[in-house]
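Given below, in the form of structure tokens, are the structures.
The following pair of complexes shares a single chain, chain A, combined with chain B in the former and chain C in the latter.
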Partner chain A sequence: MREYSLDDEVDFLIIGTGAGGGTLAGRLAEMGFSVVALDAGAYFRPLDDFASDETEQEKLYWNDRRIVDGGTPLQMGGKNSGKAVGGSMVHFAMVSLRFRPEWFRSRSVLGYGADWPLDWREMWRYYREAELALAISGPVTYPWGPKRPRYPYRAHEINSAGRLLALGAEALGYQWTETPLATVSAPRGKSPPCVYRGFCRFGCSTNAKQSTLNTWIPRALAAGAEIRDLAMAGRIEVKGDRATGVHFHREGAWHFQRARNVVVAGYAVETPRLLLNSATSRHPHGLANRSGLVGKYFMTQSNQAVFGRMRDEVRWYKGPPSFTITEHWNYDDRKDFFGGYCWMAQGPLPIEWGFIQTGARGLWGEALRQDMLNYNHQVGLKMVGETLPDAANTVTLADEVDQYGLRIPRITFSWGENDRKLIGHAISEMTRSLEAIGAEDIFPQREDANHLAGTARMGFTPEDSVVDADCRSWDIPNLWVCDGSVFPTTGGVNPSLTIQAIALRTADRIKAMAGRGEL
Partner chain B sequence: MPRISRAAPETQPAVQAAKRLNRGSAMLAASVLADSAMEHYRGGFYNPAMVTPILTSIAALSTSLHGHNDDRQRRHRQRDRLFGLTAATGIAGIGFHLYNTLKKPGGLSWQNLFYSGPIGAPAAILLSGLFGLLAERVRDTPPGETPRIFGLNAGRVTSLVTSVGLFATSGEAGLLHFRGAFQNPAMFLPVTLPPVAGALMGKATFGNSRKERRFTRFWLRLTALLGIAGSGFHIYGVSRAMGGWHNWRQNMVDGPPIPAPPSFTGLAMAGLAALALLRAHPED
Partner chain C sequence: MNRRFPGYDVLTKRTGPSWNEATRQAVDLRLAVPREPRFFSMAEWAVLDRVSQRIIPQPPGRPPVPIAALIDAKMLRMGAAGTRIEPMPWDGDAWKLALAALEAEAVMRHGQGFAALDDRTADALLTAMQKGEPAGAPWQRVPPGLFFAKRLLPDIVEAYYGHPTAWSEIGFGGPASPRGYVRLDTNRHDPWEAAEAKSEGDLKAYRHNRHVA
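== the complex of A and B ==
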């Protein structure tokens, strides 16, 4: 790995190496820019460092102190976080979906949320690039939305849980398909085909999963980028309206890395936190915050579920948890609320299942023990639903400080009325699907959320957004934000592919601007 | 390149041709035996009927070898019956696999075609049986007469069966290699070489029977070689699965099937027999 000295003024200093930062680091390095990418987490080697153990793998989460409040405080630190080189994609469920084209113009076409300054046709091209880079294994033809090219790898053989979703969907008259997944169904380079170990959401120990960690990061390294792990960014230094570098904490001390451009890619909590923590007298409300929108419109996605029990064995833990999907309600607008959702087959591992049994169902003691014996017969459907952007949902700074002496984020969130309607609709639809296949003891998991978004939204003017379509901040021209924070709306599908597509587009735009001397 | 040894000079051309067909059918049966044993073991013999192809292919293999060691110029009734049974098993197998594919959610979908019992696999044992049946009929020809099947020139009939078999087997390889996303360029070989051989055999079926067809024979030998090389490629393919050959007990079962490609070798051998038969008994 090439290493830069702190005095080297690198072209791009990227904070965070997940779907946004990792992808951007890879592409910018390949374009010939000098790149240093910081990550607060460790650089894990899956073959050596990952265990088949839910608890051990919590080392992939961002479990630093945060304050959560609001009407429905979010549980932070699990699946909605990541602290490792590769970011949360190291433990993502590999679900790689494209947005419905209309979502890029939610406000003008569908009547809610905000429009994106991006055109879906352009995004379609970058989705393709991301799908090729991750060799997505998906269905030969995808049943929803405009025609898309064939996925690079074929869909995996679906497991019983996936088949039960299909049977339910067919009974309801909905289309279903194999979920496009970022785990290879045939060899690819050093990646062996997936062996359906089922620990995907706790880090893939075989490298069959195509995450940032084993796709974009190696490409970045090969092109001369430096990945600096265990480096916590604390403050972006600005001189006037130009960023000059980043103060980061590594090996027990603070350092300063000089840079011509700074990209913040810390996801929807750490990105606004860093921008707010970097306030100066000239930028008293935080960097890139003239609009006052940094930390506003914080979103998550509804992740409620319905579970039941089958007479036959299901063994839902076998393989990736989400083999099949129905996006029916993302594309059908005959409903009395805004936004859409999809649902996917499920396969929680035993500890997670225990949490659901105690939390959502309230089982305890002998009743819990008895019911856990049904593990191999359980079946479930879990939604990924759109949450509407609401200025009242925010990430702000608390007065408390963390282990680095940095003010910790306060995450304020409440489901809105529309969100509740959408969730209610999904729970009743998923319940119908389980009833149709003869599941027994059906119960809903009414509170769960996952992916984050918003807090540094992209838009059309300096007044309506934090960054422009190129992820460049309106206020500080050499400060960029490239992660899920830039989403004006969040859509009803998992966001990682969209984040990567945005990063790919940003890289192309940066190259074009550099060529014209506009950086 | 498999060298097809010539029978003793005193042996009748019809018997020679029958013996060559027996070798082709033996090769197919051996491929099916190893392949179905492994695949059905993988399926845990979930249905007791899954043992059938193993028994049938053992029968077809030994019957073919028996035929290969038999210089008599007449049909062997027991052998004929066994070949008939083999072919019938192949047809039943196709039916079974088709039924299992269609009953899954999604019906006739790529998912089900990729991952259910492959429809093309039982076709290989059907072909083995067919070549055995053809061998018995070819053998049963008085000296000086042209072997005939249902009144048709046996050379042409065998050519036709070979041609169809090559296309079908190539289709099967194509389906499964499509499932593997043609991730290695060598995966294109079985969907390019054998169809050419199939087309050439189609030409031989309906063309001038007096032509020497050196190019066709060359191409058949190439296809025979591909069948053997294919096993080599699949051995390499197994090494690319998680754990490689250290984890052979899992990867041989889940990886690319090592015994499957020699089906092409068996078909090419039958094709060469058909051409020899045509040359020995030309017709206008």
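== the complex of A and C ==
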């Protein structure tokens, strides 16, 4: 690996190496820019470091101090954070979906949320690039939306839980398909085909999963980028309206890396936290925050579920948890809410299944232990739903500090009226689907959430947003944000492919601007 | 004897192709967890141990999963980090406050400590806690319903269902790298997965499970 000295003024210093930062680091390095990418987490080697174990693999999550509050405080952890080179993609469920075209113009076309300053046709091209980069395994024909080419790798065979989703969807008259997944169905380079071990959400120990960690990071290294792990960014240094570098903590001390451009890619909590923690007298409310929107419009996605029990043995612990999907393009129907959702087959491992039993049903005692004996007969459907942007949902700074002495984030969240209607609709539809396949003892899991977004939204003017369509901040032209924070709305599918597509587009835009001397 | 998956012990796969070295190290460490309090005081431990026994009553005839010891270890490791929910303090402090509050509640209601309560009385008190009924100064920073749902149940569940004994009990395949699985369809299982007893004393399932490796 090439290493830069602290005095080297690198072209791009990227903070965070997940779906946004890792992808951008790879592409910018391949374009010939000098790149250093910091990550607060470790650079794990999956073959040696990853156990098949829910508890041990908590080392992949962001477990530094955070505070949650609000009407429905969010559960933080595995489903919405990562602390490792490769970011949360190291333990993501590999679900790689495109947004619906209309979601990029939900305000003007659908009447809710905010428009994106991006055109879906341009995004369609970058989605394809991201799918090729990760060799997504998926169906020959995807049933919904504008035409797209067949996926690079064939779809995986389907496990029992996935088949049951299909049966239920067919009974209700809905289409279903194999979920496009970022785990290879045939060999690819050093990646063997997926062996269906089922611990995908706890890190893939065989490297079948195609995450930032084993796709873009190696490409970045090969192109001369430096990946600096265990490096916690504490403050972006700004002179006037230009960023000059970043103070970061590594090996017990603070250092300063000089840079011509700084890219923040820490996701929807750490990104606003760093911008707010970098306030100066000239930027008293934090960097890139003249609009006052840094930390605002924090979003999650609804991740409620319905579970039931089959007479048959399902053994949902085998394989990726979400082999099949039905996208519910529900605003074509007559509904009393905005937004869309999809649902997917499920395969919680024992601890998570215990959390669901205690969390959703309040079970404990002998009733809990007895019910857990039915583990191999359980089946479930879990939604990924759109949450509307609400300025009252925020990431702000608390007065308490973490192990680096940095003020910690306070995450304030409440479901809105529309969110609850959408969730209620999804729960009733998923319940009907489980009833149709003869599941017994059906129950809903009414509180759960996953992916994050917002807090540094992109937009059309310096007043309505933090960054422009190119992820460049309006206030500080050499400060960029490239992660899920820039989403003005969340859409009703998993966001990682969209984050990658935006990163690929941003790299192209940077190259074009550099060519014109506009950086 | 495990009646649902007779003769199945996920640990018989420990040295086989379903466990890699990282998994062996992680699970070995868990199995060797010290059985005495290091984070909690003796008094707190006594309450925690009793709470754990009531939340997950363990069957006789096999060594119990040391739930209290595993929670003690977890709080030692990360009791001052992670995410806290307002108004609760960080996890380790929240546990200490809640155990003290539960003990005080038991003394107030029944004139004796929680660990000394009979099963029915202990369960009734835990049910009251789950419903958020206890009030007063000791519960101020650990609202009983909130603590019960967000800290007490999850930590006990994680300790128990993260233990190989529980994996065997529910017929979970357990660690699975690098071998993974081949048979994914309904009612199919690989030779290295647990067979479920179809009736009391199902010898076929027992013979299968004795050969899981």
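Following the convention adopted for this analysis, the second predicted complex is superposed on the first by the 514 of 519 C-alpha atoms of A that agree within 3 Å, B and C clash if a C-alpha of one lies under 4 Å from a C-alpha of the other, contacts with A are read in each partner's own complex, and residues count from 1 in each chain.
Just so we're on the same page, a contact is a pair of C-beta atoms (placed from the backbone, for glycine too) under 8 Å apart; a residue touches a chain by one contact, two chains touch by 3 or more.
Not measured: the values here are computed from a predicted model.
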{"item": "Touched partner set for A:Arg66, first chain B, second chain C, both or neither", "value": "second"}
{"item": "Which superposed partner A:Leu373 touches (first chain B, second chain C, both, neither)", "value": "second"}
{"item": "Partner chain(s) touched by A:Pro187 [first = chain B, second = chain C, both, neither]", "value": "first"}
{"item": "Partner chain(s) touched by A:Asp336 [first = chain B, second = chain C, both, neither]", "value": "neither"}
{"item": "Which of chain B and chain C A:Glu251 touches, first, second, both or neither", "value": "neither"}
{"item": "First, second, both or neither for A:Arg154, with chain B first and chain C second", "value": "first"}
{"item": "Chain B versus chain C as contact partner of A:Arg163, first or second or both or neither", "value": "both"}
{"item": "Per-residue contact with chain A, leading partner among chain C and chain B", "value": "C"}
{"item": "Contacts of A:Thr55 with chain B and chain C, given as first, second, both or neither", "value": "second"}
{"item": "Which of chain B and chain C A:Thr206 touches, first, second, both or neither", "value": "both"}
{"item": "Those residues of chain A which chain B touches in one complex and chain C touches in the other", "value": "157-158, 163, 195, 206"}
{"item": "Chain C contact footprint on chain A (complex, rising order)", "value": "47-56, 63-69, 73, 75-77, 157-160, 163-164, 194-199, 205-206, 312-315, 317-319, 349-351, 353-355, 357-359, 362, 364-366, 368-369, 372-373, 375-376, 403"}
{"item": "Of chain A, residues touching chain B in the complex", "value": "135, 139-140, 152-155, 157-158, 163, 166-167, 170, 178, 185-188, 192-193, 195, 206, 208"}
{"item": "Partner chain A, residues of chain B touching it in the complex", "value": "104-106, 110-111, 114-115, 178-181, 183-184, 237, 240-243, 250, 254"}
{"item": "Contacting residues of chain C [partner chain A, same complex]", "value": "4, 18-23, 25-27, 30, 54-58, 78, 81-86, 90, 123, 126, 130, 149, 153-154, 157-158, 160-162, 166-167, 169-182, 184-189, 193-194, 196"}
